[in-house]
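Next come the structures, one after another.
Consider the two complexes below, in which chain A is the common component and chain B and chain C are the respective partners.
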Partner chain A sequence: MSLSAVRKVAVAVFKESVRDRVPYSLVIFAVILMGASFLMSKLTAGQDFKVIKDLGLATMNAMGLLIAIFIGTGLVSKEVEKRSIYAVLAKPLTRASFVVGKFAGLVLTLAVNLGMMTAAFYLMLQYMNLTTDDWIKQGWRAPAHDPRLLVAIALIGVQLTLTTAVALFFSTFSSPMLSMLLTLAVWVAGHFSGDLRNFQTAVDSPAAAAIARALYYVLPNLDPLDVKNEVVHGLPIAWTSVGIGVASIAAYVGVLVGGAVLVFNRRDFK
Partner chain B sequence: MLAIDTDGLTKDYQIGFWRKRPYRALHDLTLAVEPGDVYGFLGPNGAGKSTAIKLLMQLIYPTSGSARILGRPVGDVDVRRRIGFLPENPTFYDYLTAEELLTYFARLFDIPAAERTARVARVLDEVGIGAERRMRLRSYSKGMVQRVGIAQALINDPEVVFFDEPMSGLDPLGRRDVRQLLLRLRDRGCTVFFSSHILSDAETLCSRVAIIAQGRLAAGGRLTDIVGVDILGWELVVDAAPEAIDRARARVRAVTPLHEHRYTLDLAPESPEAVLQALTADGARVVSLNPLRRTLEDYFVQHVAKTAKREAAL
Partner chain C sequence: MRAAIHDRGIAWAVAALLVSAVSLQAVREQVAPPRTDVVPVLWLQSSEAARRLALSFTDLAADVYWMRAVVHYGSERRAPAAPGRYALLYPLLDLSTTLDPHFDVAARLGAIFLSEGYPGGPGRPDQALALLEKGLKNDPTRWQYRHDIGFVHYWWLKDYAEAARQFELGSRLPDAPKWLRTMAAVTLTKGGDRAGARQLWNELYTTADVDWLRQAAEFRLRQLAALDDIDALAAIVARGRARAGALQWSAFVRAGILPAVPTDPLGTPYLLAADGTVTLDPASPLHPLPTFEAGK
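Our next item is the complex of A and B:
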């Protein structure tokens, strides 16, 4: 696999996806949602910043997730379906470089989108900061442009990177619709990982509890990466847990992208 | 060193949903293409032409057999620096322009930035894509996409090009342009391997042909050997009275009326002069006289039919 080829494929994916209307429309939708949260916050005196930060982060997460799923699941399967892959694979690049380049291109697209949403988010917070009376600010547990927000956003980025890897993996061997459902299922299960571990407390069936526990060990745990609550409410972040979470996600991403390469290397493009 | 050679290339697909069974799309294909050849890979629809080309491009893997391009195995990534490929009915990225697509592909070939822009402009000029090169590909007609497909196959100045149905989707002017382009490639010393079921194009362009039918190599050879120089008969077109034609019937193989007083006569290869003299003496006017030789179409039909019969007998 050549890093130079990976970079070239990634740049092409980035160019193609920023021109696709889906990311644009989702970013615009996210900005509108954040604006709406600003208006809503006006109705909840004293809670403005919490509401805005909470909704802002949740919106970024949701929009990023939609982009990762919509584009990620079509990354390879659409190329195969449309047969645009034929001309590309006849060029001097390995199949591994192609798959990794596709992944890197979408991660780059997500990073740029997340960056745009972060900029819009901070602008809105700055406006709120300037138009809020000092006596109200004294009641805030966290400053207006709390740098810890960037930690929460970066961790959203890590979750989206995993989602992209899951979507890419499924897209190497199944249809876009099935890949979409499977990716969403992994994301949901990742956020309810703790419930899977303690499933025996909710069900009587030992078999169901065993399956849930097995899933807990197999599926990624996204809970430690969700620090929105801590950041919004000015609570301490469990850094060790976050560190372990990021490391485990990095391992999952490696395994998924590696798996995608293995599957893709063996495929016939009829 | 051969430009392309295959040795017993075979491809099976698994078909059926519940009970999978193998379907042999390509049987034991052995080919040798010399450098500089314009090689026509001909066959009816579904004969296995695209399967063979996909095996050469390693888009699919062979069940058995092997293939080499320029003496290197087809899996060698470096050999792809020296080849170009136009897939059948190509599609590219909707949101990129033709210029951007070719720039992307030129980057994959590590063509230096200083040379890239000029190279992209040159190949787009060569295939007749003008100001539209800055429009997104999603707005292109089928014929324009085909031209872009040909351009991307030439971006690296390849030594060997593989064109899968290059005339597909092109209007008559487009087909003429592609024919001229293929001849220019031949004159530059490039080996051209193209699949087609349009025999007139192959007859105009190819130095060698192979005919594939039902996944098997049915026949092949130099075009000059196949088409031949022997005269098999004459086609005479005359304007004549019906009585004059009736009197000449005994000396001709067949008469086909074209329209009022105009007929096509099929004459035996030996001396058409006697028939001509008799007809002109009877007041007929000669419109044209052409020799009949064995065509590529005759050869194609004969070998495809023979393969079909053999397959049916198995």
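Our next item is the complex of A and C:
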């Protein structure tokens, strides 16, 4: 697998996402934030700052998720459907470089998107900071330009990287629609892991509880990476849990991308 | 050229259809106005179920329920009295504080909404206490919850011993202000006293970091000022009724006893009854005034 080939594929994916008007999501993000800030001030009884922070982080998460699922699931299958895969495979490019490049390209797209949304988010917070009375600011549990927001955003990025890897994996052997459903299922399961862990409290069957406990360990757990609440309320972050969570997600990403390469290597396009 | 004219025609047709669609909406609104007595529904009754369904968007869902609670409280306050009024207030606040366990303003302001007496609120200090106890369980080191629990006991339940105990417990928590310990002592010695109540609301007013909280404190301070006014005016009436000649404010003004017809802090004139008692006009926004133990 050549690094330069991977880079070329990644850049091509990034350019294609720009052509596909993915950056339009940034405009939607900005409009949602600005529109909400005006409406919220009337409905939140003074909690507009908290709501804007929650809304900004949730929108970044949702936008990224949509991009990762909709583009990720078509990364390989679209090439197969359009039969452009034949032209790609005819080039001096290994299948592994192709798959890894596709993954890196979408991660790059998501990173650029998140970076630009973060800049817009901080601008919005700065605007609120300038237009809010000092005595109200005293009640904010975290400052307007809290650098810890970047931690929450970076961890959203980690979750999106995993979602991209899942989408890519399914994309190598199933249709885009099925891949979307399966990727969404893995993402949902990633946020239900607490319930899987405590399944024995809900059912009497020890076998079902054991299966649920096994699934808890096998499926990626996304909850430790969700620190939005801690950051918005200025509460301490459980760094050890986050660190182990990031390491485990890195391992899962390796497994999924490696699995995608293995499946793609074995596929017969004749 | 022909294609350009054709496209322009389609654009005009689209614009005309859009205008007619909007116009038809407006006409329908006039001819058959939608029902305004739509009963608000809480689709999700279980806050734990809501927390699970919200996945990683629990904070945003908490904000949505908080806004619903604010809108519900505001609209029910304005609505005519009817059974089931404010019925959704506690469930909405409970949902919001379960979805975001550290949403302290939802618990603190929510407690003010809930404990407010009917018709200004549901008059449920028990639910207010439940909400605050839940907040305290999630954030046991926040003195503000102890302060608010003490406040509900003081103002609404008139349980001054419990109020003092809560203030005392709160004063031991990190970052608690010094006045909280003083408040505990004042509550024990001056429970049910107007001066003690004024001190309590004054502290709340000066330390409030939420506009609504400050407005609530300001409203109570005005009510206390109205009570002071009424006492002072009653004394003036007792002293000057012979000189004024008639039990009417205009007579007191003519006699130079009062400079003008006295009004409450929001500008509504006080009422002077035929027996010389001074009261607040029931039409005043400050009505009804709080009551204190006799002689206090």
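Going forward, the second predicted complex is superposed on the first by the 253 of 270 C-alpha atoms of A that agree within 3 Å, B and C clash if a C-alpha of one lies under 4 Å from a C-alpha of the other, contacts with A are read in each partner's own complex, and residues count from 1 in each chain.
Quick note on the criterion: a contact is a pair of C-beta atoms (placed from the backbone, for glycine too) under 8 Å apart; a residue touches a chain by one contact, two chains touch by 3 or more.
Nothing here was measured: the structure is a model prediction, and the numbers come from that model.
When the two structures are aligned on the shared chain, A:K82 is found in touch with chain B, with no touch to chain C. With both structures placed on the common chain, the touch criterion links A:S205 to neither chain B nor chain C.
In the superposed model, A:A12 lies in contact with chain B only, and not with chain C. Applying the stated contact rule after C-alpha superposition, one finds that A:K91 touches chain B and leaves chain C untouched. Of the two partner chains placed by the overlay, neither chain B nor chain C lies in contact with A:Q126. The contact surfaces that chain B and chain C form on chain A in the two complexes do not overlap at any residue.
Those residues of chain A lying in contact with chain B across their complex are 4-5, 8, 11-12, 15-16, 19-20, 82-94, 268-270. Across the interface of their complex, chain A is touched by residues 13, 54, 57-61, 77-78, 80-81, 83, 85-87, 89-96, 100, 104-105, 107-110, 136, 149, 152-153, 162 of chain B.
Within the complex formed with chain A, the residues of chain C that make contact are 52, 55-60, 62-63, 66-67, 70-71, 100, 102-103, 105-106, 109, 209-212. Remark: chain A residues 40, 43-47, 50-51, 54-55, 57-58, 61-62, 135-136, 138-139, 159, 188, 191-192, 195, 222, 226, 228-229, 232-233, 235 touch chain C in the complex.
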